[in-house]
Structures are given as C-alpha cells and as structure tokens.
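After this come two complexes, each holding chain A, first together with chain B and then together with chain C.
And then the complex of A and B:
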C-alpha cells in the first residue's frame, strides 16, 4: 500500500461543485411538470383533528389537491427493521388517522402548481382540534405513567455493596435537553412515479433504507424504486431514516400523477424529523483510598414519543471506558408528546459522556486527585464489559499529548484561582470514546479505456469527504491520479453500500472499493493475456500493473492501449466485503479534549476560548477532511455544552424556540482556537487501511470538558445542559442601584 | 407564520416599478458605480465583463397574469423579464423560475445565511426579500463568481482550505465573504471577519477553515489589484 495518497490531505474531488453552487441537493431537481407540496402542521401536541375546513384553501389559485387523514391513499406499515433495510424511526404513517401525538405533525398537505400557491393555500387550511392534556417533558412523563425498560443494559459484580463500603463516593444526577440536528439543508423529497415505478431525490444518509421502507409502505418491490442522494446538506443522524414528509411526497405524486416536491420547513425540522431526546442520568461512582474506581452505576431515562420507543443509550461508553469490577448500566424511557427522537451525532455517547465525564471530574475532586491523573489511573486496558482486548487503544497517549500541548501543568486546581484581568480562566478536560463499526459493503470499479476509473457504491457522502477517500483508495490500488477517478455515490442503483452513520462509512466502504479495484486489475490482466490481448504470450499472474501501465519483462503498455486494441470499454471489478469480526476484539476509538473557558462575571460573559483535542481513530485516510470532522464536532460539542436546547412550553408541549434564531448554535463569533492532534496508530485488526472512522468521536466528551472547565473557572458545577449564562449568574448578588 | 412574506414596501415606491429610467439609473449609478469606487481591481474586472455581456433574454409570456406583476431582474448580467406573484420570494424565483439552484434555502426566515447573494453588490438574505421589490436590480449569485473554469479567489480558497463539509451553506458563506472582502468598513483581523461572517451558520462547524479561506483570499484579491 502506498503511503503517498493514503494519509495525505488532498482537497476534495467534489470541491469544485461545492464552491460553485453546482452540487445537486435534493430540492435542486425540477422534473418536468413538478408540483409543490406544502405541509399543514398540528398546532396542538395531543388530541384529535375534529374538522379540516378546506373551503377557502380549495379556491386558492393553483391548488391541485389537498391531502389529510380523510383523503389519503391507504398505505402499509414497514416492519422498520434495520437488518431488513426498511427502517423508519416514526412508524406511524402520515395521515393514518385523526390522532395528534406531537406539535408540528403533518395534518394536511397542499399540492399546487407553484411554491407560492401551495404555501398560500396551506395558510388557508383551517384545522379544528379536540385538544387533550399533553405530556410536555420527561418529568411529566415519569409522573404520569412511569418508565419502560430500554436496551443496552449491562451489569457486572456488585456495584451496590461496593459503593456502600467505598472510601470515596459521589451520587449526582445530570440532565440534557432536547437537541435538534438542524442540518443546514432542510429535509426534502422530490418524488416521481412512472407507471408503477417510483423515483425519489431525497436528502438522505441512507438511500437503501429509504428504498426498502418505501417498498414496504407502498406495497411494491424494492426494484421498482430508485432513491438518489448524491449530495446532502448534512444530517447528523436526522437523515438516517425516512420521515413522514417523504411518504407524503411519494403518495401525493402517485395520486396527482405529477412529480411532487416537499420541503420540510425549518420550524418542523424540530418536530417531525427527529431530535436527540431529553435525558436524566444518575451517576453513582465510588473509589478506594488510592482513587481506583470500585463502583460505577449509570442509570438513565430518556423521553420518547407515544408512537415509538427510541432508547438513548447513555451508558454505552460507561461499560468499558474505565476499569471497574462493579458496574451497572441501565436505560429506561418515558413517553411524552413530542415527535419520535432519533440518533444525533454520537447517540448515547454524547449525552452519556457529558454525565459520565462530569461525574469522573467530581469523583476525582472528591478523591483529591488531579482529573488527568485520575483518568490515567482508571482507564481500562481491555473491554471488561465483553471480556475482550481492545484492537488498539491509545487513550493514555492521547490524554498525555493533549495535556502537554494544552499546558495542563499550568493549572492550579482551586476553582476561581486562575484569573486574567476581569476574566476567570478555567481548565477542564474529558475523555472521548466511540465504538468502531464495520458492515458488509459492495462496490464496483471500472478501469475505462479513456484512462479514467469509474467507481460506484450506494453509500452517501454526507459532507465527511467520502467521495474523496474512495478516490484515494482507488488511486492507492491502481496508481491512477485523483483527477482521473470519478466516484458516484448516493444512488440505490449502485452496489449496496452502508448507511452513512455511526462513523462506519470509511471502515465499511474502503475495503470493498479496494477489493473491487484489485478485481478490475485482474480482469484487465485477463483481457491483456487473452488470445487477442497485447500480452497473449504471458500468464496473467506474471503481468504487473503499476501507475496505469501493464508490464512484463521490460515490455510495458498503457492499459488504455490494451483495452483500446480490443475495443473494450473497460475492465471491471465488483467486490463484496464483510463486516467486522467482533469475536476477538473490541473495536473502539478514543481521545481527550482539553478546554479553556473564560468567565467575566461583571458582564456575564462565558466563552470557550481554546480547545486541544487528541484523537485516536487508527489511521486518518485524508488528514484535511479528518481534521475538519473533529474540528466541526468540537464546534457542535461547544454548542451542546453552551447553547443548544429545544424548549417546550410545560403547559402544552409546544416547542417555543423552533427556529434558527432562538435555537442557538455556535457561529463564527463563538469559534475558539482549536488544535486537533490526530494520533496515527493504524488499526489493522479492523481493516486493511487501519481506519476506524472519525465523524462522531469529536463531539463525545466535549460538553463535559466545558462543564469541568466552567467549574474550575467559577466553582459552579452545572449538571444540566446547556451551560447558559443565566445558570452561572445564580448566586451573584444584584448590583447596588442608586 | 407568514411574517417573512410581508413587503416592507420601502424601496418600490420611489420609482415606477416598470420604468426603464429606474433600471438605467441603477445600472449607471447604483451597483457598478459604487463598486468601481471601492472594490479591488479583481472585482472590477468581473463587473466589466458582466456589463459587456448582458444579453436580453425575453423570458416569460408577455402580459402578467391575474395578480402578477412584471419585473426585470438582471441576474448575473442577464436581464430576465418575469411575471411574478406579489408573494414570490426572490430566492424562490431564482431557484424555481430561473433554476439557479446554487443559492440555497436553509431556513426561509433570514436566520441562517444560506441564501446570501448580492443585490447591487450588497449582500442580502434572499429568502427575506420579495421579488417585486427588486425590479431592475442587479443580482449576483454564486453561479456568476467563476469565470469559466477559473474560480474566484474566494471559491478557490474555500476549496483549498476545506472550508465546508456538506457544502450546503457554502454558497452563502462565499457570497458573504466576497461582500466582506470588498467592504472597507470591515476590519481585516480575524475577530472582525468572524463577527462579520456570523450571519452565516455552518452547522458542520467548519468555521476555522472558512476563516482561513477568507483571509487567504484577501491576500489573493489584493494581489490582483
């Protein structure tokens, strides 16, 4: 394997399209005669639709049809199985009945000849409701109907008894709010039927899952459906599975006989396309006299919807990050009147590590040990939850390198002890952790007679750089330069590739692409050594292929000439590679964040000023895009720590800040100085490239690192995200007024 | 819900909306005139080539339909005559009617910056602006920045610095960056650029690289002048 292209940092092969506005996203497609769907959304969170008055809307110009629960085709439920490839998160079909389970649920869809006409008519649809008392938040849910058991639970040893007899212990509860993915591109579908065949442009992280789900829902064969998603304005998990808008678009298209575009308005991006659910997490930790963990309990509850159970596995990391004989991890859910939650970047781990890594900080302080030292003493050397060795774990190295670069040794431990001018300076840190996963994958590579390679795989590039690293893998095997490699992704007609999620795309896709490249070379050699071939006197295995040249004993020929001489279009390779063998190793990625915050109590200003993150993900295929992934995840983690929360009116469960101005995310002005260290320890147990994946790990632990730094700056331990300024102002005396 | 479709009415009343004199006035005194005074040479070259082009494309179907108004938009140097509804938003007209899909809709509420483009060289959120209020205006979108295969220095810098991930906010970021780099009132230090760019959200969080790209392009645009 050549190291020149793998592990290098070439700019993206799709970069020109992105900087020139030419990359086609879902709603950029305008099939002939396309109509526009515009949703009408529930304005109550619980109850029934009693009447839909369409009299005014129907008279509105350009209206083609208006769908609602009394006028919608009868469709089928999907089994919603990820393994079967037909999963959705909200299993209820749109307009299935008159029930309203959450605010912002589709109650009607106006289809008209223009966006303006559809929107104008949608505003004229008058919906009457019989409103019922809504369950507005997790506390109300638990109080009203308790909890349901979740998944991913784990126990070992006797955490209860060891906690009671321990030298030091803590028992705190942490809370995280609803966070909303808010990808820049609103969810969008352009659906067209041609006879009994359905074509969909979707903003999707998983075109194959959408195809499978649509097939079940419309009762047709998967091969009657094609879903394309060549570019998506990111998803962060909200576009893993199809949401109701896609079903409404496809159904409306079939009913009206026209292609139909449905874009989910930004307000409903908070309601009907998933979110990270609200959590409550109780952490009970205990150590012996030396500060070794002797008991760890992480019990969490998350809010889910009335239609589906989504479990936020907050304790997924807690099982194995630290060495401890006595561990309990449990997950429960409670139902509230919100849309169904879904995976959001590092599901489970992001909120879970906020709680765990805040608690570890509190435990270290309780035991009187420096938080870095405490972690180095307690990190696990093997996965004790599965009793397996880690394939590769350099968390101690990551922690030490980041501490050194950050300047942790300059920290004085007492809260509020570091000050510069009017600002209190706080240093905090936390560990990062994320599972490494790899699934089966198919890919196809053609070495074409024009000297280019053409690569296809159904997986998506969601902004992480998949197009480019696939080209790097092909270049690595074939020696062709990147500019002669065309990569096509995000289309169900291509060989089956993975859902773009879980940080598994790189580890899953690249081995298939490399294998397909090798097979294409094999076929090329077979052509070259066949009866009509240029090397017909040579055995295929004796022929070598390097940098586009076939050669034997000093005789070399460009492969394009070999194909051209036989009038062959291409030499092709198709490959299928398997998933990870999880029986021998536990595959995980590791890292550490070190954060500096500055708090000016006089003007109530808190800001994250500096972040050093060391990340151990095996090998980074493209250092430019890999670094960008971590830097972006740090920014999102900063937002999670400091700003992000979807707030709901506790009286009626309606979201009150479901827009981009009031749901705060980090902006340019919030950007801290970020220094990312990419450790380079290829994990060859995982795949031939040694890459474990990098999309998610950067957000894990970030909120805790900020919380720990805030504690160090202010002496205030904030256990409920976000760490908004008002929480830090509590206890500050009112200024004297004249 | 419909607040963002309300017309502020502040600009249209000054001139007869369909008066050629308004267009001529804007062409001579508005956009290009002001730009020539302040913009670096590179930007002036782009302006010049635009005004040389300007073929008239008689689009649309003669008389406006019921409730429609006829407007002229000079988009990327091409004049378009369009019949639009009073509630048609500039962003939607560019995308749905002219199929200039490089400009993106991120929130439809003026909160995210994805739809940023230049109107008479001023960066605006096109999702907040009614098309009828732009009769005669010169509009520059991302599609106009590059000259054939040659990317604008800001585009080239975004590519080189990986100043995006998903790419959806990129058109808006680039258009804001172009406006900022041509605005002498905005400081050239990092903090000023961050502040000035803060109306453009990048949910992928590529801010570090975007800043690097803007500052890199600054040097290249100056070098061209």
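And then the complex of A and C:
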C-alpha cells in the first residue's frame, strides 16, 4: 500500500460532505443570538462622505445598530507583514475616516436581527458625498500622476545596445484588464466575542494570517483569537488576506455583544475583496540571425489603489524562462480609484506570460522560425537571473510531448491556411511556468486507540484536495487505509500550517505531516517497548510497524491492542519542517499548452476546440486532484483569454458588469477536450515527495496560447485581452459620438 | 426586508382586482425578474399578487390552427412541448438558448414577455436612468454600452435591449397577447405589445396598469416552412444575445415563398423586420438575397461607443440563419 497511495488517484475524502451539503461553509454557522450585518457601499469612487442620514434606516424593523465613520470603535493598523503573520492587502481600516477611495467601499454597516432586515435598512441609509473626479483606469492614472516604482525588478547585461544591433527585433505593448476572482462562495465572516476572546468563522485561505491581523487591529494577544475555515468555496487568491468586511463583523460583534455575520454581496465581490489589476506591458525582444534571443525587455505598469501599492510582477517569469544575456524586467504602478488589487491565481505570471509568450510567438515569426522550435532553441538550462541550476527542468520534454500528442506537425504556418467548412482553424502554443515555494510547517498526528489516525494542521483545503493528500501522506507512512484517517484543517488552534496559496501547500504541508506520522510511530514503539508494553523485551528500533501492526520476529500485534492494553488514548507525533533551501537551486515548475481555435467569420464565432497541456511539476501526489487542478486552470485561462474583464465606466470608475450574468467566465459549454499530460519527474531536491505544487501553473501561458492560435487562424494579433469577437470582426462602423 | 402586501389570487379577475391600479403593484409568477430586482432594491412593490394558482398552465391547439399558451406555462414546458418542437422549432430553440435550466424551470411565458432590461445603469440604482427614474437621463449613452445595449429602436432617452429570446421567436411567428382587465378581456398584437423607448422609456409595454396577461396565442404555422433561432454571444451558454435571429422560411423550389425575420440582442424591443421579409419574397434563396435582406434590417441602425459591432453581427445572424433554413 505504501508504494501505491502516493501518486495514486483516490477520490476526495471530503467529497461526500461537499456534494451532500453537509460541509459547513463560513456562513453556514449560526451561533445563538446571531445578528446580521449588511453593508452600505459607496456609490462614488472618489471623494468624501459629508453626511449619513440614518433616520429612515433606524426606523426599519429589526435594526440593532448602524456603524459608520462617526460611530465605530477606534482600532489599530496592522503592520501587514506576511512574515509576521498579520498581512492584509487593504491596510485602511473600514470607517477609518470620511474618505472614499473606490466605488463599493464600506461606508456603513447595518446590524439587524435578520439578513433581510439588515439589507432593507441598509438600502434606507442616505449618504451624501462631496464627489471628486475619479481616476477610472490605468491610462487616466498615468496621465494624472505618472507611476511609482514597483518591486521584483531585474537587469543583466546591456539590453538596450544589444537590441539596437540585433538581426531581428519586435516592440509591442500588451494589455490585460481587471479580472475578478469570483469564487462561488462569497466572502463571509461570523464573528463572536466571549469576554475578551474572539472567535471567527471565515472563508479564508489563511486562517493564521487573519488571526494575526485581527490581533493587531483589535490590540489583543493572538491567543485570544481563533479563526476557523474548514471548508472554502474556493478563493483563487481573493481569500488569502482578510478584507474589511471581517473587521466590520468583529467590531460590530464586540459593540453589540452578539455574534455577527457579514456576507459580502456578489456586487461587492467586485469592489472590496481584491481583483487582478489592469496591466500594460511593453515587450522588446531581439534575436541574432540564428534566432537566439540577444535582448529581452519586459516593462509593465499595473493599476493599484490609492490606499496601497500592489505590484503585479508581470516579468517574474521573464527573468529566467529563456536564456539571454541582456535582460531588463521592471514593474511600476499607478493609482486609480479602485479597491486594492490582490493575488489572483498565478499573480504576475498569468498576465505576464500572456505578454511574454505572445511576444515570443511574434519574435519567432519575425525571425522566420517555427514557434516550438524557437522555444526549444531558447529555453534556459539554468536560472540565469540567480545564476543557479534548476532543481529539475523538463520543459523541453514537456513541449515535445505536448507537440507530438497535439499534432503540431500538421500545422501549416501561414495564417488562415487551415480551414474546415465554415471555420478557420488555428494552432497556437505557449510555455507555462511557476515558481515552486516551500515554507516552514508544523503538523500533529495521533494514532488513536480506536484504530484511527487524527491529523491536524492549520493550513486549509480551498477545494484543491489538501484533505485528501494529507490523508494519503499519513496512509503512506502508517499503512492505515484512508477511511481510518481523520484530517482536520483550517483552524488556528492546530499546529501552524501554511497559507493556501502560491501552489506551495503540498510541498510545505506533506513533509511535516509525514514527519509527524513517523514520530507518532516512534512514540507508539516507545510505548510498546516500555516496561508495561506488549513488546517490553524488544528494543524500539528493532520493532517494525506496517499496516497498523507492530511486529518483531514473527510476533505481531495490532497497534490498537498495544495502546488498549496500556489504557493509552493515542500515540502522538508533532513535527516542524523547514522551508526550501534556495541557495543551491532555483525551484520552478514548467510546461506547455497547445491550443486549437476555430474562427467562423460568417457568424464571428471564436471557440477553443482542443487543448493539450504537458505539465512538469515534479511528482503528482494524487493524479485525480492534480489533473483537476490543471484542467480547472486551463478552463480559467480560457476564460481569461476569451471573456473575462471587469468593465468600469470611464466617467466615474464604477464597475458595470458586477454580477454572474455579465461578468463572463467560461461555462461548461465552452470547455473543449482538455488533454493533460503530467510528466512524472520527482524533484527530490525540493522535498521527500518530489512534489512542487500544481494549483497555478496551468493558467499561465493559456491566454497567450489562445492568442497565438487566433493569430494563426485569422492573421490578427490581439494584444489586449480578452480576445472577444468584436476585436476580430471586419466592417464595424464608427460609433455615433455621444 | 422591505414590506409589501401579498395576495394570492384564484382567478384572473380576482388577480386584477387585487392588483388594482396601484403603480407599485406587481404580479408574481416565476419571480425570476421580480425577486432579483427586489433584492437589489430596484423594484419596490407595495402589493404583490401571486398568480401561481391560476389555471393558466395549458398549451392548446385552437380550431383555426393557432396555438394558445397559458401565461404560467414554464419556459421548460413550452420548449419541450411536442407541438412546439414540431410546428414552431424557432420558439423551442429560442427558449432553450436562454438562461439556464433552473431559471427556465421557474420562468413563465408571461413573465418572459414582461422581463426587464439588463442594462447595468438600470440595475445599479444610482446612475441616471429614465426607466428607473423618468427624466434622470440615460447613463448608458456615453458609458459602457457593449453587450446589452441596442443599435435599433434606440432614442436619446434609452438604448437598453429587450433581453428575451422567446419574444424574438414569437415576434417572427406572429402572435397575440390576451389580457384580463377589470372590464374584461382584450387582445394585443404581439408586435404592438412592447413599446419603443422614444421619449418615455419607462413605458415598456401596452398593458394598462391593472391588466394581466393570461395567454399568448401563436399564429398558425406557415405550411411547408422551416424555422430556427440563431443566437450569437461571447460564450456558449448563459449569456444574453449580442445578436440573434429568428427565421421562418418557406420555399417553392429554390424561390422564397414566404419569410419571417426577427432579431434579438440588437433592438430595444423584439425586432421584427417586415420590409426585409418583403424583399425576400419571390427571390432566389441565395447569399445575395440574404445579404440584401440583412442590409435592410440594419439600414437605420445607430452604433454606440462599444456596440457598433452588433450591426455586422446582426446581419450575420440573419444571413447564416437564412442559409441554414434554406439549405
């Protein structure tokens, strides 16, 4: 068993709970006497609140209290440090002052005895504003006040001079819009104070960070706070850090003396819980006459909020994916009247690789080289940005395998040269890439007298399958079957585990869980070989433990009997494992997407008809959930390529498609056949499982692969996402001037 | 929540009487528009009259060949009805192209006729909107007006599209709307039911304040015709039409004997184009004829900042659909 459970494909151990509705999400908790908070949200994007008229709202049924900047407890700022465990993305406190920085900002919170009463009263709050001209988009921001320097910048060699003297070169600017995470489950907080202790249910990708931030904000000790997030209806990054709604809930609970629930309405999921920011990216590439890259410059600007600087590190991959002596990567930001952006699945790399991998396609065409061959000739063999070897890099293998399975050799390079019926067929491809990270982690495993194992770690399962792979790791070490392993996650009272983000959960958590399992077995052996133990005549190191049985020289006993005989509840192991040692290797994951699109110009219909993705992430712990992560990321990437954009009114910075009907994500009907090849090359330099993490890499490069295929089908190069039909159509008349 | 009076009616007459002439009264059938808009505070009914108990669930074939559909027949039931799929394929296809299975299971025939616009400026509760607040202006003009805004039938007071697919098929088929008022019943030609925005975009239909739709009666099918609905949008499912066409064509040899054309997604009401139909009559069923008809359809179109592409797209919806139905 221990040979097969890692790398096998068991189904999710929490699947039944989820599909039967038995899994409690944050807003499914109803503590006694709970009240409901509903926000009043600003209807302007910039200015000041001049008056809040509560007269009608106060008369509304069931209202308990109404909070706003004139009536809210004085709280503290968190230093917002990830390393200290108290990071938030929007550092301004709710109701801190009368300023409005974005449309959809909390300007009041009505607390009432039911959601319906709170909402009805919230609609009756009349807010007056002194409205100022809003900065509605990136261009307006740059024009109004320029840019600020970002982080993650890099340079080597002399990219300017080598560009000027190169045989072939390109210089294009790419743009990506605001994308909004839109997890199915809305952000939600249920906060309760008991004396000076705060308990919170939150839909969170990082319970410990929320606990740390709440402790700072409320000025209390971390041990006075518990945060639970056992089930999350996904987050895609929007639930990494606590947002203002959670502070409003915790403060309102303390002020009213009742548990308070605040659920963020769908409309405000577009405003006050982060988004992937708008970017502009200038790519200047050049090659010698052999098609070798001699100069790479990737300069990006992203929009951030007026309250915080969030940097979308679009050039993070550009530093190391291709071999080139002369490289410049720079990130700048400009302030706009939108909420603070945040990480969204593969932050930096997702928009960055749209630009880079589109530009590489354009560069290959300019140099007259097949895009696959061009990449194979230019992929870096070591991380030139850090001057380190890669721990494991199979991108050439991934690219060749995917090309073979996709049938790239059937492609005729001329745009518009492949046609079937009404449709032009386009083939495109792009590389994908994501950093592999691993952080310190604690875990606890108890082998219990009832024959089960009980595992705790304060990380989270955000829908990716963490519960299942943790159980697999315990099963692998102990030999216990999955059904006898209870995994508990998402609770700050458990040993410290990682934030569920950055694709690092697997690599971070499993070594700690495995080590804790081994320590529990050690303790079990120590019990068994002690004076009262069943194997008191055997040295602990001579005792073996397999499939729940302790044995020595043919004498075997189930471990439950050993514990039972000594009236011991459990044998326990606690472990602390460290982060990755990044001094010897650069740890990254690699892959390639191959995409077929079909363009029917007679009805202006574009669809992605086929995807083959080969992904090199080291070892896949669970092939079912791993494949599911890549398929899901491919679908999300397809949506990014094709549909997704939060549209803002350029006159007032108000998001206009803030709902599930008009903010378009890919539906089931948009999903083509997706063929995922998981290369299986364990990366033992990274951890004992050889696993690097798989949640994000699949979305990187997808939009570029689609854009490159669209160019091949249509001859049109779309450098601004999303690639909607209107950008490909001919004969569109000039609009009437308003 | 905002409180309202609730009455459950057992007959159409009783419903009408409970509703009265109160401008803030609303009939409740499937609720897929009303409840949504109540939750976001855009509709604030003071009186809700639940008509779900009314006996309006039948689809009947009348002696004169017409088909009478009860107001409460759900979109799902109508789309799957054998008589509809046989005689009015365009209607079944239009219904199935709209919304989602869950919504179609709740949504009713009359409710679909009465659905409100998807314009974000109507729905945000704060922007100028002449539908929501007569005289306040139209924020869609000069704003973000790509997907749910029209190029046909617009005015400087409103440019929102009528979002229905079903109504586009009904406009092509030809129909009458039966309504119950306090003084009895009357019929309204389907093409006269929805109103152009003009200077009064808050007046969306020909119903008097207290009238209730009881039935929609489809004209008899055109003998020997084929029909279909073609909906063009960004994604494959769950999106309102950017442009759609309902087409019914009868051929004699390769000559068009009769044609019906209506469009969705491009007009401020379900957009029947009789002039284009006339132009097709007696013409050969070929691309040139279809192109000519499509040009007529869009002759008076007004492109706005973000939706000018709907003019060529609408033409494509017409041409491809005609091509398919005559192939």
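Heads up, the rule we're going with is that the second predicted complex is superposed on the first by the 727 of 738 C-alpha atoms of A that agree within 3 Å, B and C clash if a C-alpha of one lies under 4 Å from a C-alpha of the other, contacts with A are read in each partner's own complex, and residues count from 1 in each chain.
Keep this in mind: a contact is a pair of C-beta atoms (placed from the backbone, for glycine too) under 8 Å apart; a residue touches a chain by one contact, two chains touch by 3 or more.
Source: prediction; values computed, not measured.
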*A:669 contacts which: chain B (first), chain C (second), both, neither?*
both
*So, A:604: does it touch chain B (first), chain C (second), both, or neither?*
second
_Just to be sure I read the superposition right, which of the two partners does A:590 touch: chain B = first, chain C = second, or both, or neither?_
neither
_A:647 in the overlay: touching chain B, chain C, both, or neither? Say first, second, both or neither._
second
*For A:724, select first, second, both or neither according to whether it touches chain B, chain C, the two together, or no partner.*
second
*More residues of chain A are touched by which chain, chain B or chain C?*
B
*After lining up the shared chain so the two structures overlap, which partner does A:661 touch, if you call chain B first and chain C second: first, second, both or neither?*
both
_By the touch definition at the top of the document, which applies to A:123: first (chain B), second (chain C), both, or neither?_
both
*Doubly contacted residues of chain A, that is, touched by chain B and again by chain C*: 61, 116-117, 119-120, 123, 661, 666-669
*If you look only at chain A, which of its residues touch chain C in the complex?*
43, 61, 116-117, 119-120, 123, 267, 602-605, 607, 642-643, 647-651, 654, 656-658, 661-662, 664, 666-670, 724-726, 729-736, 738
*Residues of chain A touching chain B in their complex?*
11-12, 14-25, 27-28, 30, 61, 114-117, 119-120, 123, 182-186, 231-234, 236, 263, 265-266, 462-465, 624-625, 628-629, 631-636, 659-661, 665-669, 671, 674
_For the complex, give me every residue of chain C touching chain A._
1-3, 39-41, 118, 120-121, 124-127, 139, 141-144, 146-148, 230, 232, 234-240, 242, 302-309, 311-313, 316-317, 319-320
*Quick one: in the complex, what on chain B touches chain A?*
1-2, 66-67, 85, 87-89, 92, 95-96, 99, 101-109, 111-112, 114, 141-143, 145-146, 151, 155-156, 158-160, 162, 164-171, 174, 193-195, 197-198, 200-211
